[in-house]
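There's a structure below that I have some questions on.
Letters are used for the chains, namely A, B, C and D, taken in the order the chains are written, and counting of residues starts over at 1 for each.
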């Protein structure tokens, strides 16, 4: 089949092959399992790098088409459902991000116990879903991969999690499935209005080209779709799965979930909700803008009083992901570029956070900051890593957080409407609150005197932990130091979306 | 172009930071220090080269008809927001930038050298984290240099953050001690709050100007825009929000950003606590360089500020008040570093005020070359103050190193133990008190002149503060070195420190003596045109007189041990305690942050999240469960029950649909 | 009378031949050969199933009392597959001591009921339909009472037979009204007659309601469902699995034919809204009851009730898309449910344990069974990439294809219910994978026939979704019988 | 609809109602069987009457009735068998006794 000439399909095939390979590993030795997992992750990394190269080449060669590497194979002919692949700048960088985090995640769960084999099986099924979501441009396949990515979370948290894991796992799964229930209805609705001449299609590009969804339908399909993705994007008030879920999840799962899975939400919001229903986006945008604005400040404030490390990061994720949706709703290229940068930066640094927390927890067996202190003495590597992650998330120039937030703020403030500008200023306040809770944690956790004498015997990071964290730190620093490289990849991808929004606004103005 | 090697001035410290930070632990501590000093020495030499080339070189049209223009060495794009809004990372040289290069590198070099001795105990072995210390010093130097040569507002903001972080790291150098741990948090958060306003200011400004650059080569930069009324900046001047023009809002916010770094009232509270850091750090960051970043920022945007009188008045009031407030507190502090910190605040307030007063209208142009005078004075004072305040701090460091305490009751009568330090300190005091011919006299005199031109009241106020300065500095001096005989309470007698520490003192003392004769008026002016200033003897005379009175008073009270201070303190105990407690500003902040924000906002929100939001979703699940329990009786288990159900079901089905459809 | 028309019903004929052979074997073979009756029957049935896939000449028989068309043909093939899997899983059970004496009857009765279902599916005349219905439902009472020594078995049988007779009485009363209105029992004639008389006649509402009730009883739609749970729990597991998938599937198809072909003209006025209410009730109440079940057979009974609600979404669509989705859904549902019942049967046969708590830590001891069960649960819950996801998605698409907002609301309610259903399906997964138990069920060496049955089901669960040509074929089939919908 | 038709129809419906009532109120399973028979027979009457008075043309109703009688017989036989089984184990034919399976 000609689809196998497309590199994109291999982002799904490689994880599946890895799963197959893992299935043949024996339950006894962990060595083989590790080998297969590392091999899979490395191949994915290489593929992602090659994809970026291909993309730059294509753009360099003056290929200005909206999606490159497009290819499609009809799947369900009667419903005109295709397996349609294609990437633009945003998907490329998201794939790169996912590859990084999968790679780091494999090493972060090096000593996974019990049942390492099954763990990696589910882990790679999860990443299959993630990659599949980013490479496909057909609503049905996107949705399918989206759910493929959701369900392994249940077992990953339930079996390998900690704390109140049953409750958290069930809650997370059900809430996300609730989101996808909204989403499925939205998708079906979009499908049945996807074209004027009854040639229903699921292909995003065609739907956008036809632009046939009646306004009356947009007005309630847009909220359905946006909320459906917003639940995964931890939008206030649908975020409550995130603290419990992250707190109970094992390290690598928190990394992948906060790092990549939550990005599916933001990605879907502009790729499906906004792009396909620009009219409703213009009409109803302000409602969700207010909600996301709330979740930015709200998440930051509630992070200030948490004492469990993972809860702190879960709430800060609420705040940061809120910023993603916030920027997406600003409807201009700069802000949306900022949103993607924020996805990248939040993905990397939250993954870094969760990796470090997992490593610290693995040593101290507590995540309560009141029981810890002065760890900088004892485990300098982890300490420095944690400080770096903290500085990245409170927006130190030279690390990724700053670039993303500044792009978002400047872009959002470009909006001509005063309401949006005021909201932007309200959102900027989060940088102070972020500083407050990050420094609070750093001070209590790393500085000061050692609270617990037993901690003095603890060891610093082992090689695989160093590798896992170093990968992420380097990525964070690269984005922070050379943002233009990424901006150039991303920003063009939003021209069609912004164009659609402007046309819709103009049409509405005419009417 | 010949100035292109300026890049090295920035690059070397950065490289040093990465090098020492990554591979420092592998090397010996002393080696690290020496490498750091050597690198800093090279940087300093290069910086002097740059500054001199800029000031006295006359190549490729730096000087256009007698006006020295700004030179943009290079200016690559760093982050592209939109096709007009681009953040660039560049190097721009103009008088103040060149001057700051000299200040920063000099003080930084001195501190690098000094720390070689200071960061060791008395047996000469270096402290834990020596490499970290030098890495952070390099990081700070890099950030500060990057700040002053910034070509655009956003670059300044970026390096504002960078210096903030490096100061955070250096204050918290002894991170195991709770005080330092608390102080660096406080410093960072307060300055961060200020930076928030700075950011908002930038947003508002760039919304109208559509550029961040000051002088841009392709598009018309912010300051270049001032000339043509067609530019969108004019619109910023007209569009009003809540009565003030957008530009006024922007500039005020930006000033607040500067005020945070420069510890203007009420954002000054972090600076005294920042003294928890090692003393050389205080000398470098919290006396000479970083704290004047705010002044630098206002000076950088000076051409815009002079257009907005309202903002200038705000700055003027804040500055004047802060000067007096800090001086008053400095008069009663017992911790010498705290006292020096407050004197720093007061002196920076001098600079701010002098910037602000200089926007008086133009009838003075023929007298003093226009409203550039205050600007020039401020920059000049910044220069001299950096030198002698660094000197004072380093002396303090030497003393503390000798007696292991900051409290001046542990000192007393050190003169005969450490004479060099004593003399250096005396020179510093004379300089700051403004006694001719020391450096402080010249710069402060210009400030007073500018203040008098703004209005006689301002002049008198500032002169009085100058007198207080003289008083509290000499109070400290006498209390440390004389007052009464020193009783040794450490295992060894206090003595002058090793050469690595005394040499910087001597050098800085020398600079403080001669710095006043630098022709600042010719070089450092806001628009590059040299000013023609002559000493205004009436003003100078009065100020010197007042200063001498202050010194005399201090001599009377503190030279020999007596109970006069006690009695004066008792005579107005309340005032004294209030001043000693810094007028309870810290307590106020404590209340706001902990009681109001933490207890009043964060905790309720967190509770709301768990109870209401989360509770709602749990409630959904609970309701489902209860319903399923409630309807279980339907499945009664008896056949007749089933048939009842069946029959009623089918009849209802028929009837209801019939009703719905037929009616 | 020309006998060539019998060639149009080869599947029925084949089934009868199989039945007769089994009967002869059972009657005349010596006792020691009886042990091989199950395997003999299964192989025979396998051969028949294979042949039944051969397309044949189709058309009307017996002067239009019966019709075979591609749709009925596919439906019967699907049922054959299901029955084959049931037979596979029953072999070991039927050879046990208490059952062995009557093992022949088990197979004969099942084959007979299957024949009755075939009649239901392809009858175009109410007399034939009623005969088929009764043939399909009465022997099941006997099968339910098969576990002679278990009281539950008999209670279940009693409940079934009484409610069944009652509902068939109601059904026939409805038919008598229809006959009174239309004067015929041929589907087409009735349809024509009804389309002439005003659809506002009260008698029509009553008649339709009664007919829906009669067939809805076999489909176990709420409020005609209450026998389901008790019968499923009481009956032998083999019978339960047969009951839960085969008769449900056949009834669903017959339901579609009757509603669309006979009462098609009354779609919008009359039965769309009846069905609307019934679907909401069925899905919701089925789910609400399933949440609290501990006995897995009872649990699956309620889950199958809500599944029936989802199947009805394909009926209410009353379009070829809906029909295709429904047939596809039935196929997937057969595979998923039979996988689950296969595991339950195997475990029950060896340990007699059927409650959810007995399954704690099953994954440790019997990983493959736990895996099969998990796939079944995920497929029933509609989790990709398993077939259940596709069938659910398509049935929703089919329902929504009517385009009316009311149906969108219905779909939304169904979607919300999928969350509840996912919850209780995950409970089983949780028991097997997450909960730990010292006294977990020991390793079970299931018979190869049971394993074959599970394997086929798992294959179905995985393949039917990914391999899109299955659904494509279904939609071609339903397009080919579009004439059924000419009244809508 | 002419009068004679109603004269047959109404009694048959009453008969059906009696059957339902008996089903719902009797305790003895045999009695319940009998009331079920009532219901089935009333249906047969329906068919015959409809056939005779409305559509005398062809015989469908009659045939249906014949088959219905046969089916009813089969049902009764099966039900009786099961009742006997239940009686063997439960030693009782009270319908309220057989409700072990519930909820």
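Everything that follows uses one rule, which is that a contact is a pair of C-beta atoms (placed from the backbone, for glycine too) under 8 Å apart; a residue touches a chain by one contact, two chains touch by 3 or more.
Please read these numbers as outputs of a predicted model, since none were measured by experiment.
Trainee: So which chain ends up in the middle if you average the CA atoms?
Mentor: Of the chains present, the most centrally placed is A.
Trainee: Report the inter-centroid distance (CA atoms only) between chain A and chain C in whole Å.
Mentor: 42
Trainee: Please report how many Å separate the Cα centroid of chain B from that of chain C, as a whole number.
Mentor: Between these chains, centre-to-centre, one finds 78 Å.
Trainee: From the C-alpha centre of chain B to that of chain D, how far is it in Å?
Mentor: Spacing between the chain centres: roughly 98 Å.
Trainee: Per the centroid of Cα atoms for each chain, what is the distance between chain A and chain B, given in Å?
Mentor: Each chain reduced to its C-alpha mean, chain A and chain B end up 37 Å apart.
Trainee: Could you check chain A for residues that touch two or more other chains and list them?
Mentor: 174
Trainee: Give the residues of chain D that touch two or more other chains, as numbers and ranges in rising order.
Mentor: Expected reply: 23, 98-103.
Trainee: Would you pick out the residues of chain B that each touch at least 2 other chains?
Mentor: 632, 635, 637, 639, 643
Trainee: What pairs of chains are touching here?
Mentor: Inter-chain contacts occur between A-B, A-C, B-C, B-D, C-D.
Trainee: What does chain D use to touch chain B in their complex?
Mentor: Interface residues on the chain D side: 20, 23-25, 95-96, 98-103.
Trainee: What residues on chain A touch chain C, complex-wise?
Mentor: Against chain C, chain A makes touches at 75-79, 81, 140, 144-145, 147-148, 151, 154-155, 158-159, 165-166, 169-170, 173-174, 177-178, 181-182, 184-185, 188-189, 191-192.
Trainee: If you look only at chain B, which of its residues touch chain D in the complex?
Mentor: Where chain B meets chain D, its residues are 632-633, 635-640, 643-644, 647.
Trainee: Taking the touch rule as given, give the residues of chain B at its contact with chain A in the complex, in rising order.
Mentor: Where chain B meets chain A, its residues are 77-82, 85, 87, 154, 158-159, 161-162, 165, 172, 175-176, 178, 181-182, 185, 188-189, 192-193, 195-196, 199-200, 203-204, 206-207, 598, 601-603, 605-606, 609, 613-614, 616-617, 621.
Trainee: Given the complex with chain B, which residues does chain C contribute to the contact?
Mentor: On the chain C side, the touching residues are 158-159, 162-163, 166-167, 170, 200, 202, 205-206, 208-210, 212-213, 217, 222-224, 226-227, 229-230, 269-270, 273-274, 277-278, 285, 288-289, 291-292, 420.
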